[in-house]
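In what follows, chain A forms one complex with chain B and a second complex with chain C.
On to the complex of A and B.
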C-alpha cells in the first residue's frame, strides 16, 4: 500500500516537472526573446553539400524529391545528391539510374547486400559522400528551393554539429488522423524545438530535414545500426562529444504524415523503442558530460525520458484506481488534496495542449485549435504504443536482441502534384 | 486553449463536489465527514483492553461475535474499553434503539448485559408482558438523506458528462467543415536574395505595363491591387510637390527638396533625390543619389551605385548592385552593397597590401574547435584554429586569429585585430578600429563596427547580423549584407 502511494506521489511530481517544462517552452515562444537564425546569413563562399535520400521501394515519390532538389538554389558544382536504393524491389532503381544519366551530380547508391535499414544505408553513403555537410531527407519529403542554403549556413558556426529544420505535413486534408498529426508537429516544432533553441537547451536532430558535419560523424564511427532512432542517437552522441545541435524554425519542408492508425501505431512504437534505446545508452554519459551545462543536462534528461513517460502515466493511473478501490486515497487532505487533484488533472493532462494551441496561433491557423479536444484520443493511443515501444526497448537490452528496421508506408499517389495541396 | 483552462477548472470543481457527496454516503474516497473541517481522522489508538468497536459514521458500537464486528471499515472505527464507555460517548448498540432501562437488544448477536448474556431468540420475547422491545425500523431521516445524496450524485455526474463532451462539439464541426484543413504554406520557390524586393517589384511592374502608351499619361494597371500609374520620360519634380500616382520614369528623375511620393517610383536611368523628400519605394536601373534628411517608408534599390546623405531613414531595405555609401546619422534595417561604406563619398577601399585579406587560411581539421575559458587574448597574439569562449573575451590589439571565434558572452576587439574567419557571439560584439575580418559577424545582441574596419573583401559576400542593433562608425567597409531586427545606425 505504501509503495502504491509513494509511486503515485512520484508520478505526480514527474508530471509536474514536465508540465512546468511545457509551460516554460510555451511562455518562451510567446513572451520571451526569440533568437535569430544563422540562415539569414548571405554568403558567397558556400560549403560543399551532399544530400542523402534513403529509399526502399519509393517509386511513387522518388522523382518528386529529385526534381525539387535539382532546382534547388545551390551551385551544382558544390552539390552532390546520393539517393540510396536500399534493397528495393520496385522501379526505384530504374528511376534513380535515369536521373543519374541526366545529372552528373546525382550519384545513386544501390544496395542489395549487407545490413538492412536506414542507419546501415547512411553509413555506406557516407563513404561516397564528398560534401563537407550532409543533409538527409526522407524520400517522401518535398524540399523547397532555398532549404539547402538555409541548412548549410548554420555550419559557419564552428560549434554546431547538426541542424534540424521544421517538418510540415502536407496531406492534412486526408482524414482526422493527419490533421491531428499536423497539430502534434506544430506543437513539437513551432513551440517545443524553437523554445529549446531560444533557451539554449537541447534541440533534437530528427533524421530528416536536417544536416550534420560529415567528417565529425565519420570520426565517431558513423551511425549505430543497433539503434532504431539513429537521429536521437546522433543528437546525444554529438552533445556528449561537445558539439551543439541547433533548430531552425524557418527551414521548413513538407512531409507525408501516416494516413492510417495502423501505420501510425507502428511508426510511434518504433520511435519509442529507438528513443528508449538511446535513453538507456546515453543516460549516464549525458549526466556526466563535461561539455554540457546544468540546464542542458536537465533538459537532455527530460528529453531522454519523454518516451518513458506514457508508461509511467499508465501505471500511475492503474495505481490511483487501485488505491481508490482499496479505500486508500487518503494521501493528503484539505487544501493540499485540492492541489493534488488540480495538478494531476489540469497540468498533467493538458500541458502539451498549451504548446499545440500556441503553435497553431503562431502559425496563424486559428481554426484548427478547435480540434484540441480530439487530441485526447491521440494521447491515449500514443500512450499505449509508446509504452509498448519502451517495453520492447528494455527487452532489447536484456536479451541483446537486434531491432529490425521498418519503413513507414507511403500513401501518395504516383504523379500527384504537390502544389495541389497548397491552396493558400 | 482558454476553453481547456475553463473546462479543467470546472472539472476540478466537479471532482471536489463528487468527493464530498460520495463521502456522505460512505464511499471510500477519504476519511472526512461532511460536517468536519478537520484533517485526516485517524483510527483511535486501541488500548490493550479494548473489546468494543464503534462506527463513527453510524454511531453504533459492536461487540465481539456480532456479525459486523470485524467488518467495520478501518477509517470508521473507534475503539472503546467497554460498552459503558461507548454509551457515555453517545454510541448505541448496533441495530437497536438507545439504551432503555439498562437493557439492550440486538438481532443476530449475543448481548452482553452486565453479568448476563442472552440468545437472540430470547430477545424476541418480551421480557415483561408490559414491555415490548422491538427492533427499530430504519430511521425516516436517514432514508431521505440517502435520497438527497443520490440525487446530488446524479446531478453532478450529468453535469460532468455535459462539460466533458462540450468541447468536442466545435471540434466535430471543424472536422466536418474543414475550414482550416489546408497544410501550412511553405514558399517553395523562395531563395535568399538581398535585392529580392526590387526584382520582385520590377517583374510585376514589367508585366503590368505591357501595352501602355509611351506618351506621358495616367493609366490604371493591376499590381497587387488596381493602381494609377504615370508613365513619363525624364522628369524634374519641383520642391514640395505631392506625387500621388505610381511613377514609371523612362529616363532620369531629379527631385527638389521636400517632395512627397505617395506611391512607388521606378526609374530606368539615374535618380537624384533632394533633401527632405519622402518616398515609399524607389527603384533605379542607374545610379542613385539621396540628399540629406530623406525618408523611405519601405525600400530603395539601385542597379548602380547608391549614395545616401546624412540623417536619412532607409526603411526596411537599401540595396544596390554597386557601392552603397552612407553618410552619418543614417538609420536602416537592411543594407546590401559591394561594398557598403560609411562616411564621405569616396571610392571603395581596395586592399592590396601583403598583410591584407586573401583566401582564408587552411585549418586542419576544419571541423574542430577549442573550448576556452580565457577572458582575454593578449595583444600581438596569433591564435590558430576555431575557438569557442565560454565567457566574455577581449582580443588584444594587433592580434591575428586564423579561424572563427564564437563567444557565449561579449566580444571586444581592440585596434587592428585581424580575423580570418567568422565571429559569433551571444552578447555584444565591438569591433575595434582598423579591424579586418574575412567572414561573417553575427550577434544575438549588438554589433558596433569602429572606424576604418573592413569586413570581407572585394567580390566576396559576407554578412553582418546583429539582432538588437548594428552601429557603423565612419570609414567602415563591409562587402555584403547588413541586417538587424532592431535599429541600424551610422554614427
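On to the complex of A and C.
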C-alpha cells in the first residue's frame, strides 16, 4: 500500500517538473530575448550541399519535392540532390530517372539490396554525397525556395554539428486530426524548440528539414541502423561528442500530416519505440558527458524521458484506481489532493495547453485555438500508443530484436500541385 | 503588388512585458483570490449543498437528503450533502461486467475516431474495474456516502484553489490589459462554482438511485478531469479573441529583444 502511495506522489512530482518546464518555455518564447538563427548572415562563399530524400513508394509526392528543390535559391553547381529509391515497387524509380536525365545535379540512388530502412538508406547516400553539408527532407515535404541557403548557413559556426528547421503541416484543414496535429506542431516548434534554443538547452534534430556536417557523421560511423529514431540518436551522439545542435524557427517547411488515426497511431508508436531505444542507450553517456553543461544535461534528461512519461502516467492511473478500491481514497483528501487533483489532471492531460495556445497566438492563428480542449482525447490516444512503443523498445533491448522501419502512408493525390495541397 | 509595411515574421516575434510585472500581477491575483476562497469556502460549500438539495428534493422522500459538516483546511467547516446509500446486487454487477467487456471489444472495431474510441475504452475499463470489484468482493467496499461526498467536496475546493494559479500562469503573460484577465479568472471560478454544484446533484442522484457501482467512474472520469476541460476551454476562447484582436494591432509585436 505504501509503495502505491509513494509511486503516486512520485508521478505527481515528475509531472510538476514537466509542467514547470513547459511554463518556462512559454515565458521564454513569449517574453524573453529571442535567439536568432544565422540566416541573416550574408556569406559570399556558399558551401556545397547535398540534399538527401529517402523514398519508399513515393510516386504520389516525388515529383513535387524535386520540382521545388530544382527551383531552390541555391547555385546548382554547389547543389547535389540524392533521392533514394529505397526498395520502391511503384513508379518512384522511373520518376527519379526521368529527373536525373534532365538535371545533372540529381543523382538518384536505387536500393534493392542490403539493409532496409531510413538509417541504412542514409548511410549509403552519404557515400555518394559530395556536399560538405547534408540536408535531409522526407519525400512528402514541400521545401520553400530559400530553405537550403537558410539551413546551410550554420556551417560557419564551427561548434554546430546539426540544425533543425520548423515543420508546418500543409493539410491542416482536412479533418480534426490534422487540425490537432497542427496545434501540437505549433507548440512543439514555435515555442518548445525555439525556447530550448533561446535558453541554450537541447533543441532536437528531427530527421527532416534539418542539416548536418557530412564529415562529422561519417567520422562517427554514420547512422545506427539498429535505432528507429535516427534523428534523436544523432542529436544525442553529437551532443555527447562535443557538438551543438541548434534550431532555426525561420527555416519553415511544409509537410503532410497523417490524415487517419491509424496512420498517426503507427507513427507515434514508432517514434516512441525509437526515442526510447535512444533513451536506454544514451542516458548514461549524456549524464556523464564532459561537453554538456548542467542545464543541458537536465534538459537532455527530460527530453530523453518524454516518451517514457505516458507509461508512467498510465501506471499512475492504475495505481490510483487500485488505491481507490483498496479503500485508501484518503490519500486524495487534504493537502495531497491539491497535488494529485490539480497536477495529475491538469498537467497530466493538458500539460502543454498554454504552450500550444501561446504558439498559436504567435503564429497569428485564430479559431483553431478553440480546439484546445479536444487535446484531452489526444492525451489518451497518445498515452496508449506511446506506452506501447516504450514496451516495444524495452523488449528490443531484452531480446536483441531488430526493429523494422515502417513508412508513413501519404495522402496527397498524385500530381496535385503545392497550391492544391494547401487548398485541401 | 508591393506591401506598404512588412510586419515582423512570426518566427521571432514576441511581446514586451517586464517579467517583474508578470510576477507582481501573478501575486496580485493568486494571493487575494486564494485567501478569499480559504475564508469563504465554508459558506460556498454550504450554498452548494443547499442548491443541490433543492434540485434533488422532488426526487427523494422527505428527510432522505442530509447536510453534514466536517473540518477541512484551516480548521474550518466544510458542508457535505449526503443521500441514501445504494449497493448493486451481485447479479447486476456481473451483468454490468459482461456488458463492459462486450463494449470494450466493440469499441476496438467500431468506426469512430480512434482518440474518441480510446477515451471511451478508458471509461469502460474504469467502470469494468468497479463492476468486477462489486461482483467478487462487494463486502470489501469501504466507502459510505459521506466518504464520497467528502472526497468530492474537498477535491473541488482544491480545484477552486488551483484555478487562479493555473489561469494566471496561462493568461497573465498574454498581451492584454490586466483587468479583463482578472475578470476572466473570476469568471472561471464562478463557472466552476455553478458547474460543480450541478454536477454534485447529478452524482448524488446517480449514486443514490443507481448504486455505488458508478462511484469510480464518476470520480475518475467525470470528476476533476472534466473540470480542466472548461478551464482549458475558457482559456481557448479568450486566446482566440485575443488573437483576433491582435490582428488589428500588429504594433503589439516586438522583434527579438
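We take it that the second predicted complex is superposed on the first by the 408 of 424 C-alpha atoms of A that agree within 3 Å, B and C clash if a C-alpha of one lies under 4 Å from a C-alpha of the other, contacts with A are read in each partner's own complex, and residues count from 1 in each chain.
Everything below uses one rule, namely that contacts are C-beta pairs under 8 Å (C-beta built on N, C-alpha and C of every residue); 3 or more make two chains touch, one makes a residue touch a chain.
None of these values were measured; they are calculated from a predicted model.
Trainee: Between chain B and chain C, positioned on chain A by superposition, is the outcome a clash or a fit?
Mentor: Partners clash after overlay.
Trainee: Looking at A:176, would you say it contacts chain B, chain C, both, or neither? Reply first, second, both or neither.
Mentor: It touches chain B and chain C both.
Trainee: Figure out whether A:130 sits in contact with chain B (first) or chain C (second), or with both, or with neither.
Mentor: neither
Trainee: Based on the superposed arrangement, let me know which partner A:362 touches: chain B (first), chain C (second), both, or neither?
Mentor: Only chain C; A:362 stays clear of chain B.
Trainee: After the superposition on A, what does A:288 contact: first (chain B), second (chain C), both or neither?
Mentor: neither
Trainee: Is A:372 touching the first partner chain B, the second partner chain C, both, or neither of them?
Mentor: A:372 sits against chain B and chain C alike.
Trainee: Output check: A:76 vs chain B and chain C. Expected answer is one of first, second, both, neither. What do you get?
Mentor: The answer is neither, since A:76 touches no partner chain.
Trainee: Based on the superposed arrangement, let me know which partner A:353 touches: chain B (first), chain C (second), both, or neither?
Mentor: Touch partners of A:353: chain B and chain C.
Trainee: By the touch definition at the top of the document, which applies to A:327: first (chain B), second (chain C), both, or neither?
Mentor: both
Trainee: In the superposed model, where does chain B crash into chain C, at 26-34, 98-106, 134-142 or 368-376?
Mentor: 26-34
Trainee: By the touch definition above, which chain A residues appear in both interfaces, chain B in one complex and chain C in the other?
Mentor: Of chain A, residues 36, 176, 252, 324, 327, 329, 333-334, 337-338, 341-342, 345-346, 349-350, 353-354, 357-358, 363, 365-367, 369-373 contact chain B in one complex and chain C in the other.
Trainee: Spell out the part of chain C that touches chain A in their complex, as residue ranges.
Mentor: 9-17, 19, 22, 72, 113-116, 118-119, 122, 126, 129-130, 133, 140-143, 147, 150-151, 154-155, 158-159, 161-162, 165-166, 169-170, 173-174, 216, 219-220, 224-225, 227-233, 235-237, 239-240, 242-244, 246-247, 255-257
Trainee: Give every residue of chain A touching chain C within the complex, in rising order.
Mentor: Residues 23, 26-27, 29-34, 36, 166, 176-177, 190, 194, 249-250, 252, 261-262, 264-265, 317, 320-321, 324-327, 329, 332-334, 337-338, 341-342, 345-346, 349-350, 353-354, 357-358, 360-367, 369-373, 375-378, 380-381, 384.
Trainee: Using the touch definition from the top, list the residues of chain A that touch chain B in their complex.
Mentor: Interface residues on chain A, with respect to chain B: 35-36, 38-45, 68, 73, 132, 142, 144-146, 149-150, 156-159, 168-173, 176, 179, 182, 186, 200, 213, 215-216, 242, 252-254, 291, 324, 327, 329-330, 333-334, 337-338, 341-342, 345-346, 349-350, 353-354, 357-358, 363, 365-374, 418-419, 421-424.
Trainee: Which residues of chain B touch chain A in the complex?
Mentor: It is residues 1, 4-5, 8-9, 11-12, 15-16, 28-32, 39-40, 73-75, 167-168, 170-171, 173-175, 178-192, 194, 336, 365-369, 371, 386-388, 403-404, 406, 422, 424, 426, 439-440, 442, 444, 459-463, 465, 467, 480-481, 483, 485 of chain B that touch chain A.
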